[in-house]
Every structure is written in C-alpha cells, then in structure tokens.
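In what follows, chain A forms one complex with chain B and a second complex with chain C.
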Partner chain A sequence: MEEIRAKAIELLRSGEVKCFIGYERASDGLTARPFFAYSADDAGRLIFDRTCAHNLARYLPDMRGQRVAILVKPCDSRSVNVLIQEGQVNREEVYVVGVVCDGVYKASWGQPSQELEARCLYCSRRVPVVYDHLIGQPPASEPQTPASIPEVEALERRSAKERWEFWRSHFARCIRCNACRQICPACYCPQCFSDQLDPLWTGIRIGLPQNWVWNVGRALHLAGRCADCGGCERACPMGIPLAALNRKLAGRVKELFGFEAGLDPRAPFPFATFKKEEVL
Partner chain B sequence: MKFISDKNLRKWLESLMGIGSLIAPMDLGPGLTLFSQIRDPGDVNLEYETTPIPPKDLFFPSSEALFRFSPSRGYEIPEIDGEAFLLGIRPCDALGIRLMDFPFLSEPADPRYERRRRRTTLIGLGCIKARPECFCTSFGIGPFDASNADAFLIPVKGGFLAEARTEKGAKALAAAELEEASIPIPKPPEVPSIDVGAVREVALSLFNSPYWERLADRCLSCKLCAYVCPSCYCFDIRDYPIRDGAERIRSWDSCQSPLFSRQASGYDPRQTKASRLRNRFYHKFSYFPGEFGAFGCTGCGRCVRYCPVNIDVREVLLAILRGEAKVA
Partner chain C sequence: MSDHEPRVLGFLCNWCSYAGADLAGTSRIQYPPNIRIIRVPCSGRVDPLLVIKAFERGFDGVLVSGCHPGDCHYTQGNYYARRRLAILRDLLEFIGIEGDRFRVEWVSAAEGQRFARIVADFVMRLKELGPRR
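Let's turn to the complex of A and B:
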C-alpha cells in the first residue's frame, strides 16, 4: 500500500501523469471503490488489498488524450492489452503499475468475506502481463491452469432443455440497466447494438425475448475479448451468472483458435482475421 | 393495535389470495429476494433484508404495452387485473410510492398507474433491523412509519402487531383472525439521519462546481441507480410492429443513459457523465422539491448498495451541505 502511494506521489509530483487511477476504501468501510488521485494529497487515500476487485481498465478510454497511471492486477492487465490491441488506448499515454496478486475476496457491499472470487480460484497468473512498474514479489513460478472450470462443466452436463430453462429463468429477470456493459473494459462502442433503434436490434422493451438477445449478444461480442475480471457479474443487481457464459465462450475461443484475450497486444484477433482454410 | 399470530398468518394470506392477487417478498436465489406474485403463502419471506427492485414496478412496470392496434382487431388496451395486495413493503418503499404519485397522479393522471394504484392495498412492514445504507429518517419517516400504507405490520415474537390505517387496510385486516395485542410495541432500530433541510438552496449555488466532474470520474453512466430507486420514474415510449399491427411500448429509462436527453436534432444538452450524474442529484434534491414540495428520495439506500462503484448519495448530500462541493 505504501509502495503504491509512494509511486503515485512520484508520478504525480513529477508531472509524468495527470491522474493515478487506483482504489480507495468504499463508504461501507469494508470494500473498495475506484479512486482517481490528481495530487500527492489525494494519493494518501489510495489503498490496495484483497477487496480491490474492480477492473480499472474500464476507465482508460474515458481518459484518452491525457497521460494517466493505472493500477492493474493480472486480469486487469489483460484488459489493458485488449484496449491497446483494439486501438482504444494509446500505450504511450498510460503508465501501468502492476501488482502481484493472490486473488481478491468475494465481498459485496457491507459484507466482509475472506472467500476468494470464483475467477481467482483458477486464475493462472500472479504477475500482470503488461506493466511499467511492478509492485510485490513475483512467485518463483506461475500456478497451473486447471483443465476445466467447474461451474461451466456443471452447466455442460445438463441437457439442452435444462440449460435453456436455466438461462430463461435468469434472463427473464434482467432489467436492462446495462451496468454489466458499462462496467466492462471491453464494452466501449459509441453506440451499443442494444441501443440501436434504426435498424432495430433489441428495442426498448424489457422482456424475455429482448433480454435474451441482449444477454446473449453481449456475451458473444466479448468472446475472445473478455479478461474474466468478473465486473459484469459483480455489477448485476439481479444476480445473473453472466461469468459462466463469458467463461464458456473464452474456453471455446481458446479451443478453436488457441487465443486468449489480452496476452499479447500484437497478436491478430480471431474475429478480425480470416483464413481461407477456416471452416465452421 | 391488534395481533396476528404466526399460526394465523398463513390463513390470512390464503384468504387475501382468495380476494385478489398477493404480491410479497419471495426468495429467488442466494441473496436475491424480489416482490413476486405469491402462489403458496409459504413462499412469503417477511424477514427479507432487501430487494434490489423496489415494489414500484407493480404500478409502473419496467415495460408494458400501453395499447395495440391492427387493421383486423382494431384498437386494444391491455387489461389490468383486479384487486391486489402488496404485502411487506418497508416504510421507505411506501414513501417511494407516494412520491411516484406526484408525477403519475397529477392532472392529467396516468390512467394505467392510477388503475393499478386504486386496485392495490399496501400492507406495510416495520423494519426491526436497519441496514448499513439506511437513512430514511432524513426524509421524515422511520422504521415503524406507517403513514404511507393502508395497513401496517410490526414483527414481534410469535407474530405481528397489526394496524389498519385506511378503509382499504381495514378491509384487508378483516380477513385475518385478529387477537387483542398483549405485546407492547417494540423499540424501532436507530437509523442515522442527514439534515437535508438546506440542501436545495445550497445545491443551487454549486451547479458549476468541479465536484461533479470529480465524482463522475468514477460513475459508469449505467442506469442501475434509477432502476433500483423507488422514486425514479423516467420512461421512454416507442411504437413497434407486431404481427399484423403495432404496439406502443413504455419502458423504464434513466437520465444516466447517454441517449436520455439526445434531441431530435441530434444535439444533447447533457453530453458528459458529470452533467448526467449532476442531474440525478439535482432532480431529486432541487427540481422535484421545486415541483412537488417533497424530496425525490426515500433514504432506502438502494443506490448506495447496488451502485457498482459506490457513488453514495449520503456522501453527496453531505458534500453539498458542507459546501465541499464549492465552485473553485
């Protein structure tokens, strides 16, 4: 924590960056929230601990044209790469402060917890994939990636009809608040397909068929781009298990194209490249 | 006050279900309770902690067809069902409904809202525990405030103290086997209060403060805070083709959405996150009181709890009141 504050003060004092995007304690006194430090004084409010779950990369496109510093965990660092790769963020404008991460806790507002978030249980990285300065001691070796994700496997074992029912009951509850979209670092389109009225994609109606198009469309647009930061699922007020969809799709993209989001900012995108020998 | 024992509660709920539909808090999954249509009285959870969606959607559904028209069937207005009992609503949510009445029942009244409001009996429920985000006492109510309900229940050992506040409420309670209450009214939990009296005047001087931009750094411009708010009532209306005709749909909308204030010309007077976020607070604490004489907030704390990045209305109120949001 002290190291992060010191780095922030150094970057802000020297004028190297205008703003340091990190975390501060949330108003419940337990969890964390994003924090934008503009001065050395502000930097005193920065924290980092296992409640710092947000993926701050989401804020980078808002800051275009200014030099900023950002604190990233390994999963968040992949989103930074996705943004660079997709031309949304200029690498020169961002000073990336990476933190070695042992996982974050599943805390929700006002409720302390020491249980790791699901994604952290099978995360295979402790060290961010991109950084200009690293905080923390990297482990001797990175942990093994588990062969499969239990929650995805459990869904795959169900019949098609059961899976349909499962998602039907969840999507029926969606209120289309778009928090899942707005918190996602990979959702930056100036106009989302779901807001498109001419031609019409989903319309303003909040109901199962429209929600279905929205929720499935969102997940598909993130295949090969989602860094599994869990932001969407954490933000959803209706408890919809969006991460299961993201994880399934990320798995398929890896199987089919050997591609994982955000590992290499120069790698060509599976969905933006075409090879003649590719067949469906 | 009367007393309904736990044993008689089920019978009462069954008889209410015989008269009309019963809407009450029901558990739908871990940590998720929502006001739902009850089929089995055993599903009612009167010890619930919170519902992400307030019961406003019973009167102002998240989405509904106002009417349909087609060459073959002509013009149709979807029916609104008969009598309904909304059971277990907290004092803050009951206040929320009263606040919704201002825009929806002012002349000319919204006919669909008005029908639903007229057919529904509100059966309130006292809070025996305050959540960390509660600040309802700032708005003249409190954990045992019954003033916006037709009937009111206070949980006590072995059952509920019950009181009718209106004729509708008396009718609903008449379906219960009531006993004379021998249990005294318990002490309500303490709920912190913010003295919001001066907020309207102070806020007006802070319109151009950079405070809003700093606060908006964090905001995601999602619509969640409005959708979970018991007093937010914005909507959008559009016509859509259906098989052999068209229908006019009304759905929730929010001033936080970048599309909300875009005009037909393409111009948007609220282009930045900061101007949208500021509108949310000004509408609740300045424009709404100017129009209707009441604050547009109930202190339910839902926006505090559910905002994915913890934009806390209590902090905003205090910042305004303390002048922290001063124009630099």
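Let's turn to the complex of A and C:
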C-alpha cells in the first residue's frame, strides 16, 4: 500500500501523469471503490488489498489524450492489452503499475467477505502481463491452471434440453439494466447493438425471448476479448451467471485458434484472421 | 419422429449457394419446402446476430451456405465466416440449442443436387429433434 502511494506521489509530482487510477476505501469502511488521484495529496487515499476487485481498465478509453497511470491486477492487465490491441488506448499514454495478486474477495456489502472469487481459484497468473512498474514479489512459479472449469463442465454434462432450461430461466430474469456492459472494459462501442433501433436486434420488451438476444449476443461479442475480470457477473443485480458463458467461449477460442485475450497486443485478433487449411 | 414441420431459415451467398439452389429449381430437383431463403452477398456477410435473431423468431434450424473454401468471390469472406460461425455453434450448443440445428455448408453453383440433399437431410434431422422448446 505504501509502495503504491509512493509511486503515485512520484508520478503525479513529477508531472509524468495527470491522474493515477487506483482504489480507495469505500464509505462502508469495508469494500473498495475506484479512485482517481489528481495530486500528491489525493495519493494518500490509495489502497490495495483483497477487496479491490474492480477492473479499472474500464476507465482508460475515457482518458484518451492524457497521460494517466493505472493500477492493474493480472486479469485487468489483459484488458489493458485488449484495449491497446483494438486501438482504443495508446500504450505511450498509459503508465501501468502492476500488482502481484493472489486473489480478491467476493464483494459483500455490510460485512467483510473472506471468500475468494471463484475465478481467482483457478486463475493462472500472479503477475500482470503488461506493466511499467511492478509492486510485490512475483512467486517462483505461476500457479497451475486446472484443465477445466467446474461450472462450465457441469453444464456441458447436462442435456441440451436441461441447458436450455437453465439459461432460459436465468435470461428471463435479466432486467436489461446494462450493468454488465457498462462495467466491461471490452464494451466500449459508441453504439451497442442492443441500443440500435434499425435494425432492432433486441426487442424493446423486457422478457424472453428479447433478453435472450441481448445476453447471447453480448457473450458472442466478448469471445476472444474477455479477460475474465469477473466484472459483469459481479455487477449483475440479478445474479445471472454470465462468467460461465464467457469462460466457455474463452476456452473454445483457445482450443480452436490458440488465442487468449490480452496476452499479446500485437497478435492478430482471431476473428480478423484465418488459416486456409483449418477444419472447423 | 414427430409430424412437426420444421421451419428453416437459409442464408445463401449470391455467387455459389444461391445459384446452386437456383440450379436445383431449374433442374426440377425436389427438396422439402420447409426452407425460406435469404440471399446475401457473401457468407462473410452473415453476422452471427442474424442467426441468433432467427432462433429468437422461432426458426427450428438455420442454414448458412457459401462458396467452397478457396472459391469465395471476394477471396476470403467464407474463411472469416467459418471462424465466426464455428464459435457461434459452440455458444448455441452451450445454451441448449442443439448443434444440429445450425448448419454451415459449402455449396457451389453447380451443385444443385447437393443443395437439395443438404436441405432434405437437414429437415429430416430437425423432424427427429422435434419442435424447439
């Protein structure tokens, strides 16, 4: 924590960056919230601990044109790379402060949660994939990734009919608040397909089957782009298990195209390239 | 097998598959009338959202058909389509729409016979699967 503050003070004092995007303690005294430090004084409010679950990369496209520093965990760092790859962020404009991370707690309002987020249990990285300055000691070796993700596998084992019922019942509850989209660093489109009136992709009515087009369409747009930061599922007020969709697709993109989102900002995006000989 | 008459939406590319379907017609080859055809400039034009939308509207099956790989009028449209539609199939399968309800086939302008057979097979399989829930 002290190291982060010291780095932020150094960057802000020297004028190297205009703003340091990090976390501060939220007003409940337990959880964290995003914080924008513009001065060395502000920097004293920065924190980092297991409550800092947000993916701050979400804010980078809005800060274009200014030099900013951002604090990233390993998952968040992949989103930074996705944004660079897609031309939404200039690498030169961003000073990336990476933190070594071994998991964050599930969000919990009113009482401290001691339980790690599910994705942290099988996360394969402790060290961010992109940084200018690293905080914390990298472990001797990165953790082993389990071959499969339990909640995805459990669904795959069920029949198509059961899967249909499962997702239908979840999508039926979606209130189309768009929180999943607003929190997602990869959802920066000036006009989302779900806001388009002509063509009207997602019908106005809040219910099935209209929601279905929204939820499935968004999942598809995140294929090969989702860094599994957990933001959408955390933000969803209806508790829809969106991460399972994202993980399923991330797994397939890796199997079929050998591509993982945000590892290399110079790699061609899997859906903007092809191999003639591949059999799909 | 049910007596349900499946409704199939077909997106056919202008240069190969649509011409293939046309050939089936002009050659008077019979195939099931369950398919409604939309002509698109290229299989690469088929935004996966169109397929999702078709299922939303209650179609029992969707066929996307374009030129054989290597034969695309725009040289590469069908290669891009192939990747996108492959991931779409996985997603549909995962949310409970059987993979067999979504078919991607390459049909040339000379393959009227093949087009008719594909539609016939598809409709038969959809009858086995029964109506969508």
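General remarks:
Note that in this section the second predicted complex is superposed on the first by the 276 of 280 C-alpha atoms of A that agree within 3 Å, B and C clash if a C-alpha of one lies under 4 Å from a C-alpha of the other, contacts with A are read in each partner's own complex, and residues count from 1 in each chain.
To be clear about the criterion, a residue touches a chain if its C-beta (ideal position, glycine included) is under 8 Å from a C-beta of that chain, and two chains touch if they have at least 3 such contacts.
The shown structure was predicted, so the numbers you read here are calculated from the model rather than taken from an experiment.
Partners chain B and chain C fit side by side in the overlay (superposition on chain A).
By the touch criterion defined above, A:Met238 lies against chain B but remains apart from chain C after alignment on the C-alpha atoms of chain A. Looking at the shared chain after the overlay, A:Gly207 reaches chain B, while chain C stays out of its contact range.
When the two structures are aligned on the shared chain, A:Val82 is found in touch with neither chain B nor chain C. Vertex at the C-alpha centre of chain A, arms toward the centres of chain B and chain C: the angle is 90 degrees, rounded to a multiple of 10.
In the superposition on chain A, A:Asn178 makes contact with chain B only, not with chain C. In the superposition on chain A, contact is made by A:Thr31 with chain B only, not with chain C.
Of the two partner chains, neither chain B nor chain C is touched by A:Ala250. When the two structures are aligned on the shared chain, A:Val99 is found in touch with neither chain B nor chain C.
With chain A fitted onto itself, chain B and chain C come no nearer than 11 Å, counting C-alpha atoms only. When the two complexes are superposed on chain A, none of the residues of chain A touches both chain B and chain C.
On the side of chain C, the complex with chain A involves touching residues 48-49, 52-53, 56, 69-70, 76, 79-80, 82-88, 90-91, 93-98, 133.
Within the complex formed with chain C, the residues of chain A that make contact are 155-156, 160-168, 193, 201, 209-210, 212-213, 216-217, 219-220, 223-224, 245, 248-249, 252-253, 256-257, 270-272, 274, 276, 278, 280.
Residues of chain A that touch chain B in their complex: 26-28, 31, 33-36, 38, 54, 58-59, 62, 108-110, 173, 175-179, 181-183, 195, 197, 200, 203-207, 231, 234-235, 237-239.
Remark: chain B residues 28-32, 34, 52-53, 62-63, 131-133, 214, 217-218, 220-224, 227-228, 236, 238, 240, 249, 251-254, 257, 259, 273, 304-306, 308-310, 312, 314-315 touch chain A in the complex.
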